[in-house]
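We call the chains A, B and C, going by the order they appear; numbering starts again at 1 in every chain.
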Amino acid sequence: MLNYLSNPQRFMGFSAWAAPLFAVLATLLFAIGLPWALVFSPPDYQMGDTVRIMYLHVPAASLSLGIYAFMGIASFVSLVWRHVLADVAARAAAPIGATFAGICLVTGSFWGAPTWGTWWEWDGRLTSMLVLFIIYLGYIALWSAIEEEDRAARLAAILCLVGVINLPIVKFSVDWWSTLHQPASIMRSGGTSIDDSMIGPLATMAGAYAALFATLTLYGMRAAIFRRRVEAAELRNAA
Amino acid sequence: MNAFSVTFRRDFAMMWSGGGALAPLGYFFGATMLVPLAMGPERDLLAAAGPPLVWIAAALAVLATLERLFQADLEDGSLDQMLLSRAPLEWIVLAKACALWCAIGLPLALAGAPAAIALQAPVERVPAIVASLALGMAAFIGVGLVGAAITAGVKRGGVLIALIVLPFFAPPIIFGSAVASGEDVGAALLILAGCALGGLALGPIAAAAALRLQAE
Amino acid sequence: MSGVGPFQDNPCLRVDGLAIARGGRVLFSGLSFAAEAGEYVEVRGANGAGKTSLIRALAGYLPPRAGTIVFERIAEPALALHYVGHANGLKSNVSVASHARYWSGLFGRAGDEEAALARLGLGGFGARLPRTLSQGQARRLALSRLLIAPRPIWLLDEPAAALDAQGREMLAGLIDAHRADGGIVVAAVHEPLGPAPSLALTVGA
């Protein structure tokens, strides 16, 4: 299927109906997931209602990592096959990944405030997420800093792959560091343990985030391809 | 004489000439000096928290030198010649990295001794701190090479290279600071050595790939 | 003669259907030519037509949009080329002799670097720094690379820029000697260099 879509024309045809479809799916999933998570799911026996923030926090965290992996694959394709769609995909996905990482950090802060009594705590997982957030910012800044788009795409791809290799090292280092300094951490996956009743809203929210990513990335890619077509036409007219 | 040694000698001479190492050293000491200015001079506080901060100063100082590493080569046409050399570009980049480590990284590591003492590190810990800084510099340079190569064409790319490279400085800083605080020194030094070797093995490969793109 | 020795292998440069693009814009396409040992290809064209891009593509820096560049009877193209572009490749605070030694190590030495410098009119300039040289002298220093390391294919981009009449004569002599040794010269120029070209191309017409 990827091979089929690798033709930009066919991709535009595919995304013309796929993007609105994902948009509808995302809206639906958020419409179900948000009330379920924030109002109707049971409160945690330890943390009470603050556990509801987890439903926003955990999917954002997983997705932001997943999006970076997506960008890594797109970057690899970009370097090996020099394909425009790969460049466009990686660039479109980055701001979304960065935003999800930002959501993870902010919700993590809100979640921690009642628990820790402070608005920020250098918890191992939050710290790793902060590093990922900055890696995203660097990637996005690089695209803007280099004028020739082809070169920017390739250099950004190298940067993304370097990040992919370094992320496990950073995660390992931060975990090592946090065990060394042993801060009080309640942020284990899903709070205390994931009860069956939590899986439903969690999965729905995860699906909602994923559909939102697909929607925004597809629309972003379409916008980029339209822009390139306009620029190519202008170049032809000027010549 | 082969391509590696002529590149090493030329880059070392260029970095070292005209007191070339003095500016990064000055930056390093200046940044170190800011620590007690920010934290207060109280000895106990500094002794508890100060020594690891020498790593922040070291990271900033080496970052300043990384920015210029490839920019001149790209602008004056030297990169074109390196691409035609007998030796692969990766090897030449490694030579430049070694020159940077010898000319600036190692002096910065040695300067870590007085800096750590100024930040109230116990004297018996200083040799380990210097060793960790020497390894950390190699790790910084290894990953910094890639950032420098990627941003080589960008005008005033100093802030950009910092943004790109600082997240990857985190592992050496974490392990180096552990040595500076005296915790788990043996393990931390081993891991730092791993970071240094990994950085110097993989960094030139990615940097050379980026430089070939810059030459287009 | 030139001191770099004859090139025994009879190299050949063959370009087929070459198209070069920069910044998304195709500069030229469908360029085909061949240069045998001893030939001199002169590339003409208006400003911005793509002469520099063609030379850089031949040097391997710029991947072509379409077409092929083949070096026949040459094992490793990157080791068989010399490139003298607009930028001289000089470091302003490294001495002339030091540059010569650096290129010697970088490319593999031929023989006496001092003799090579002397042939370009830079004898005795060993201790000078590039920032004290005139444009023409700096250009000569860049051209000295051609003699310091023997390589069959010379890719030159406006090599006579900033050279005086004597310098241009010397350059013409170098090209003739290189051709006699069986080497190939491809030069992008605005004005004729002197030696009669085996092939005159115009790019981007």
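Here is the rule we go by: a contact is a pair of C-beta atoms (placed from the backbone, for glycine too) under 8 Å apart; a residue touches a chain by one contact, two chains touch by 3 or more.
Remember, predicted model here, so these are calculated numbers, not experimental data.
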Most central chain, judged by mean C-alpha position against the global CA mean: B
B-C compared against A-C, more contacting pairs: B-C
Of all other chains, the one whose Cα centre sits farthest from chain C: A
Separation of mean Cα positions, chain B and chain A [Å, integer]: 31
Averaged-CA centre spacing for the pair chain C and chain B, given as whole angstrom: 37
Whole-Å separation of chain centres (CA-atom averages), chain A against chain C: 49
Per-residue multi-chain contacts in chain C, two or more chains: none
Sequence positions of chain B contacting 2 or more other chains: 216
Where chain A touches two or more other chains at once, by residue number: none
Touch list for chain B against partner chain C, complex: 1-3, 5-7, 10, 13-14, 17-18, 72, 75-78, 80-87, 215-216
In the complex, chain C residues that touch chain A: 23-25
Residue ranges of chain A in contact with chain C within the complex: 148-150, 231-232, 235, 239
Contacting residues of chain A [partner chain B, same complex]: 79, 131-132, 134-135, 137-138, 141-142, 145-146, 151, 154-155, 158-159, 161-163, 165-166, 169-170, 172-174, 176-177, 180
List of chain B residues in touch with chain A within their complex: 143, 146, 150-151, 153-154, 157, 160, 163-164, 166-168, 170-171, 174-175, 178, 183-184, 191, 195, 198, 202, 206, 209-210, 213-214, 216
